[in-house]
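Pasting the structures here.
Each of the next two complexes has subunit A plus one other chain: subunit B in the first, subunit C in the second.
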Partner chain A sequence: MRFYEHESKALFARQGLPLGKSGLARSGDEARRIAAEIGAPVVLKSQVLSGGRMKAGAVKFADTPDAAAKAFDAILPIVVNGQRAESVLVEEKSPIAQEYYVGVTWDGRRKRPVLIFSDMGGIDIEEVAEQHPDHVSKTHVSTLLPFTPRLAKEAVGATGVTGPELNRLTPIAAALVEVFLRYDLTLAEINPLARLDDGRFVVLDGHVDMEAEAREIHRKLLEEIGIRPEETRQARPPTDFEIRGAQVDAADHRGVAGNVVEFDGNLGLVIGAGGGSLTLFDAVRQQGGRPANYCEIGGNPSVQKACELTKLVLSKPGVEKIAVMMNVVSNTRVDIVARGVVKGCVESGRDPAETIAIFRIPGSWEDEGFKILKKYGVEYCDRSVSMYEAAGKAVAKLSAGGTT
Partner chain B sequence: MAGMFIDVKVDAKIASDPEAAKKLVEVCPVSIFAQENGGGLRIVAENLDECVLCDLCIEAVAKGGVEVIRLYDR
Partner chain C sequence: MSILITKDTTFIVQGITGREAVSLTRENLAYGAKIVGGVTPGRAGRDVYGVPVHDCVRDITAKTRVDGSVVCVPPRFTRDAVFEAIENGVRLIVVVTERIPRREVAQMVELANLRGARIIGPNCLGIISPGEAKMGGIGGPAEDTRKAYAKGPVGVMSRSGGMTTEIANTLTAAGLGQSTAVSIGGDAIIGSTYAELMPLYEADPETKAIAIYSEPGGRMEAELAEWVAEHRSRLPIVAFMAGRFMDEMPGMRFGHAGTIVEGKADTTTDKIERLRNAGISVAERIEEIPDLIRQRLAEAV
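Presenting the complex of A and B:
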C-alpha cells in the first residue's frame, strides 16, 4: 500500500527525520498562503503514487507566493503515468550541496530487510548500482534482534563517506530502518536526501509502501495520516471494478474473497489458496490465456461472498468464462465455494456449465462439492490434475471458441 | 422458501415450541433459524445456502424434528 510523498514525510517526521517546511495545497490560494508562510522560494510537487513527476512537468519552482499559485494551477491538470493529482506539496526550496540515497526494502532471497545507501542520490538507484557499484552499500538487518546504529554507520561508511557527514548520516539511516520495522513497511526510501550548503541534511523526496496485511494493525496511524480504509493505494488508483472487489470482501467477515486487480483479458479468475492465486495467474498466462482479473479467495469464504465475487467478475465487460481454481485446500470448503460460484453464475443469468471453464479445487469436502458441480454440469477436476494443467483446460475452452 | 442448494424442514411441533426454537437459533452457526419475539421459529431463507451441514440442528431437537435436505442430491 503506497503512501503519497506528503504522507511518507508525515511518517518520517514521527521518527525525527529532518524535513523542510512544507504544506499541502488543494487550491492555488492555498499554495499561495503556504508559500507566504514558508517565506522563501518553494518547490511544488504533484502528489501522485508514481515516479516520473519531474519528466512530466509536475514539479515546478516558484520564487514568490503568486508564482506558487500559478505553478499550482499548471501542475494540477498534469497526468503522470495515468494519474491526476488532487493535491500539491508546497515545500521550501533547499540549496543543495550533495544528494544521497537511503532506502530500506525487503530482500526476498535473504528473507531479511536490507538497508541500501548511496552517496549518489537523486537518480535511479538501480542505475547507480549498475554503473557505480562502489557507491552503493547493502546491509541486511534483523527483524528479531534490535537494530543498532553501528550497522547504519557501516552502511554509510561502506560508500566512502567519512567525517562529519558520516556522523550526521548515520542517525538518518538508522531512523529510516526504525520506520521500516515499526510500521511494517515493504519500502522506505529517501531519494534524494540532501546535504545543504550549510551542512544540514534534509529529506527532499521520500516514498513508503506498507504491507497491505498490516493495515489493520496500523489503523490508527493511517487515520491520523488521512488514509481512508477504502483506499487500496496500489501503484495506480483503483478501478471501479477493484473498488467493488474490496467492497465484496469488506461486506462479510467470513473468509477472504477480494484483493481484486483488474486486467484486460477474457478469462475471469476466481482463484486462491496459500500463494495459489499467483501460481494460477502465472499458469493461465503461461498457457496462453488472458486473465481478466486477479483475486484471492481463501479462509473459507461464505457462499454469499463467493457468489458476489463471481458476479463481480462476470459483470466485467469481455469476460467470457471464469476459471475457479485453488491449490489443495484444508481451511476452505470445496462445497461452499462450489455453491457460491454456481449461484453467482445463475444470479448473473449465465449457465454455470457454459460459464465455468474449469473448477479445480481439491481438498476439504470435495466430494460434496463435486456433487454440486455434477448437478449443474460444470467440468471439475481433483488434485490428480495439476494447477498448470487445469489452467490449460480453461484456456483451451476459450481457444476452442476462437477467443484467446 | 428453499435455498438453491439447501432446504430445511422443521416439524410443526418443534417450530411452535419456544424452547426448541431457542435451541435451534443458538446452535446454528450460520443463522438459518430465527425466533419471533421469544415464540415460534422462523426460517431465514437467505441463509439457507450458507448451511455447513454440521447437523447441530438435527441433534438439538428430538429425532426427526429437523431435516436438512441437499437439493443437489435429488
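Presenting the complex of A and C:
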C-alpha cells in the first residue's frame, strides 16, 4: 500500500529523519499561506501515487507566496500517469550541493531486507546500478539480530564516501532501516537525499510502501497519518462495483468470495481460487471471450456469500451470462457453490439454466453439486473437461446467442 | 521414493483444535499419515480424531520422534508457533496460515536456516507423496485425494495450492503419477522456492521429471532458470505460467500476496523467456503438460 510523499515524510519525521519545512495545501490560498510561513522560495509538488511528476510538469518552484498560489492552480489539474491530485506539498527550496540515494526493500531471493545506498541520487537507481556499479552498494540486514548502525556505515562507505559525510549519512541510512522494519514496509526510499551547501542533509523526496497484511497491526499509525481503512491504494482507485465486491466478502467471515476487479466485457466470471482464477481469466481471453470481471472464490465460502457474489456480477450492466469455474477443489465444497450460484440467479430474476453458461468445479462433494445443477438444467462438466475447454464452452454460448 | 515425506514421517499439527486443522487432521489420517500429536495451548488432555492434544510442542517431542509440523494457527500467532517447533528440534515445518507480514516470514526463515530446519509455505496446502502420506490440506478428503493423485515419476511444485491438485489430476488422468507434489505457497517470501527444492528432486531416483505452476511477481522463476543452467539438472522441467493478462496491469495485485507486476522482471513475458532460455518447456495450457513431459522424457533417453 503506497503512501503519498507527504505521508512518507510524516513517517520519516517520527524516526527523526531530517526534513525541510513544509505544509500540505488543498487550495491556492493555503499554498500562499504556507509559502508565507516558510518565508523563503518554495517548491510545490503534486501529491499523486506515481513517479514522473517532474516530467508531467507537476512540480514547480515559486519565489513569493503569490507565485506559490499560482503554481498551485497550475499543478492541481495535471493528471500524472492516470493519477489526479487532491493536494500539493509546499516545501522550502534547498540549495543542493550533492544528491544521494538511500532505499530499503525486500530481497525475495535472499529473503532479507536489503539496504541500497548510492552517492549518485536523484535519478533511477536501477540505471545507476547498471552504469555505475561502483557507486551503488547493497547490504543485507538480519530480521532476527538487532539492527545496529555499523551496517549502515558499511553501506555508505562501500561507495567511497568518507569524512564528515560518512558520519552524517550513517544515522540517516540507519534510521531508514529502522523505519522499514518497525512499520512492516515493503519499500522505504529517499531519492534524492540532499547535502546542502552548508553541509546539512535533507530528505527531498520519499516513497513508502506498507505491506497490506500489516495494515491491521499499524492501524493507529495509519489513522494518525490520515490513511482511511477503505483506501486500497492500488494502481487505480476501486470502482463502485469493486467496493460492493469487497462488501460481499466482508459480510461473512467464512471463505473468500471477493477480490473483484471490474473489466468491460459481457461474460461475468464466478471463478476461483487464487491460481485457478488467474488461469481461468487467461483461458477466457485466449478463447476469444471478454470477461466482465475478475474474482476469487475459495476456502469454502457459505451459500449466501456465493449467492451475493453471483448477484453482484449479474447486476453489472452488459453481463449476459456467467461462467462458474474453478480448479479441482479440495476444501471448497462443490455443492455449496452450486447452491449459492443457483440461488443468486433465481434471486436476480434469472433462469439458472439460461444464465450459467458453464459450471466447471470438480472435487469435494461434486456428486451432490452436480445433482443440484442437473435439477435446474445447468450445463456442468467434471474434471475430464479442462479449464481451457470449459472457458471455450462458455465463450461459445455467448457468441451463439448472437448478442455480442 | 519421494522427497520430504514418506509413510514413516511422523508429524504434529499446531493449532489442531481449529476448524481447518480438525478437517486436515481427519483427511491426513485417512490418507495414512502418522500424526503423533497436536498442540493448542490450554487444551491439553483432549483429542482430535484420536490424536492427543498438548499445550506445548515439547510435551510431544520429549516422548516421541517428531519429523514435521503442520502450523495452522491464526496469523498473529504463527511466528511464535514456528519458532516453538524449530526450537524443539522439528526439522520440516509446513505453514498453512496466510496473511503473515513478510518481516515475520523472514524471521522464521532465518531461524530455520540457523537451526537446519526447512519451512514449506506460508500460505500453502502442504506436501503429498502419493500412496505414502500427505501433510496439510492438499487434495482435500482422502477419497478426493486418491482421485487426483497417483504414485509416479513427476515432481510437482506450485505457487497455488488449488493448481497443485489440478496439475496432478491432469497428470494422473494421462497416466503419469507423481513422486511428491509440493504446494510451495503464494507469498512474496516463502520458506522453500523451486530452486531450493530442486536438489531434493535431483537426488530422488524415482523422480524423472518436474512440472511447475507459476505466476507473475517475484524472482523465483529467474532463480530456477539460473539453478538449472548452473547445475545441468538431469530432470526435464515443464512449466505453466498463469496470469498473463496481468502484464498489462502493473501495480494491481491478483490471486496471491506475491502476485503483482511491479517491474519488467515480474511479467509473465519476461519469466517465460528466462525459463525457455534455461531449457525449460513452457506449456500454453495445463492439458499440454503430460505430452510435453513425455516428449522431454523420450528426448532424454
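The rule is short, and it goes like this: the second predicted complex is superposed on the first by the 247 of 404 C-alpha atoms of A that agree within 3 Å, B and C clash if a C-alpha of one lies under 4 Å from a C-alpha of the other, contacts with A are read in each partner's own complex, and residues count from 1 in each chain.
In this section, a residue touches a chain if its C-beta (ideal position, glycine included) is under 8 Å from a C-beta of that chain, and two chains touch if they have at least 3 such contacts.
Everything numeric here is computed off the predicted structure, so don't read it as measured data.
Visitor: Pick one for A:214: touches subunit B only (first), subunit C only (second), both, or neither.
Guide: second
Visitor: Regarding the shared-chain residue A:27, is it in contact with subunit B (first), subunit C (second), both, or neither?
Guide: Neither partner.
Visitor: Using the superposition on chain A described above, determine whether A:339 touches subunit B (first), subunit C (second), both, or neither.
Guide: first
Visitor: For A:375, is the partner it touches subunit B (first), subunit C (second), both, or none of the two (neither)?
Guide: In the superposed model, A:375 contacts subunit B only, not subunit C.
Visitor: Which one hits more subunit A residues, subunit B or subunit C?
Guide: Between subunit B and subunit C, the winner on subunit A residue contacts is C.
Visitor: First (subunit B), second (subunit C), both or neither: which does A:275 touch?
Guide: second
Visitor: Using the touch definition from the top, say if A:105 reaches subunit B (first), subunit C (second), both or neither.
Guide: neither
Visitor: If you look only at subunit A, which of its residues touch subunit C in the complex?
Guide: 106, 108-109, 111-113, 142-144, 181, 184, 186, 211-214, 217, 234-236, 259, 261, 272-279, 281-283, 285, 294, 296, 298, 326-331, 362-364, 383-384, 386-389
Visitor: Over in the complex, which subunit C residues touch subunit A? Could you list them?
Guide: 20, 23, 75, 99-103, 105-107, 109-111, 114, 125, 137-141, 144-145, 147-148, 158-163, 165-166, 169-170, 173, 186, 188-189, 193, 213, 215, 218-220, 223, 240, 242-246, 249-259, 285-287
Visitor: Considering the complex alone, what residue numbers of subunit B touch subunit A?
Guide: Result: residues 4-5, 30, 49-50, 52-53, 70, 72-73 of subunit B touch subunit A.
Visitor: Taking the complex as given, what residues does subunit A use to touch subunit B?
Guide: That would be residues 302-304, 333, 335-336, 339, 342-343, 346, 368, 371-372, 375-376 of subunit A.
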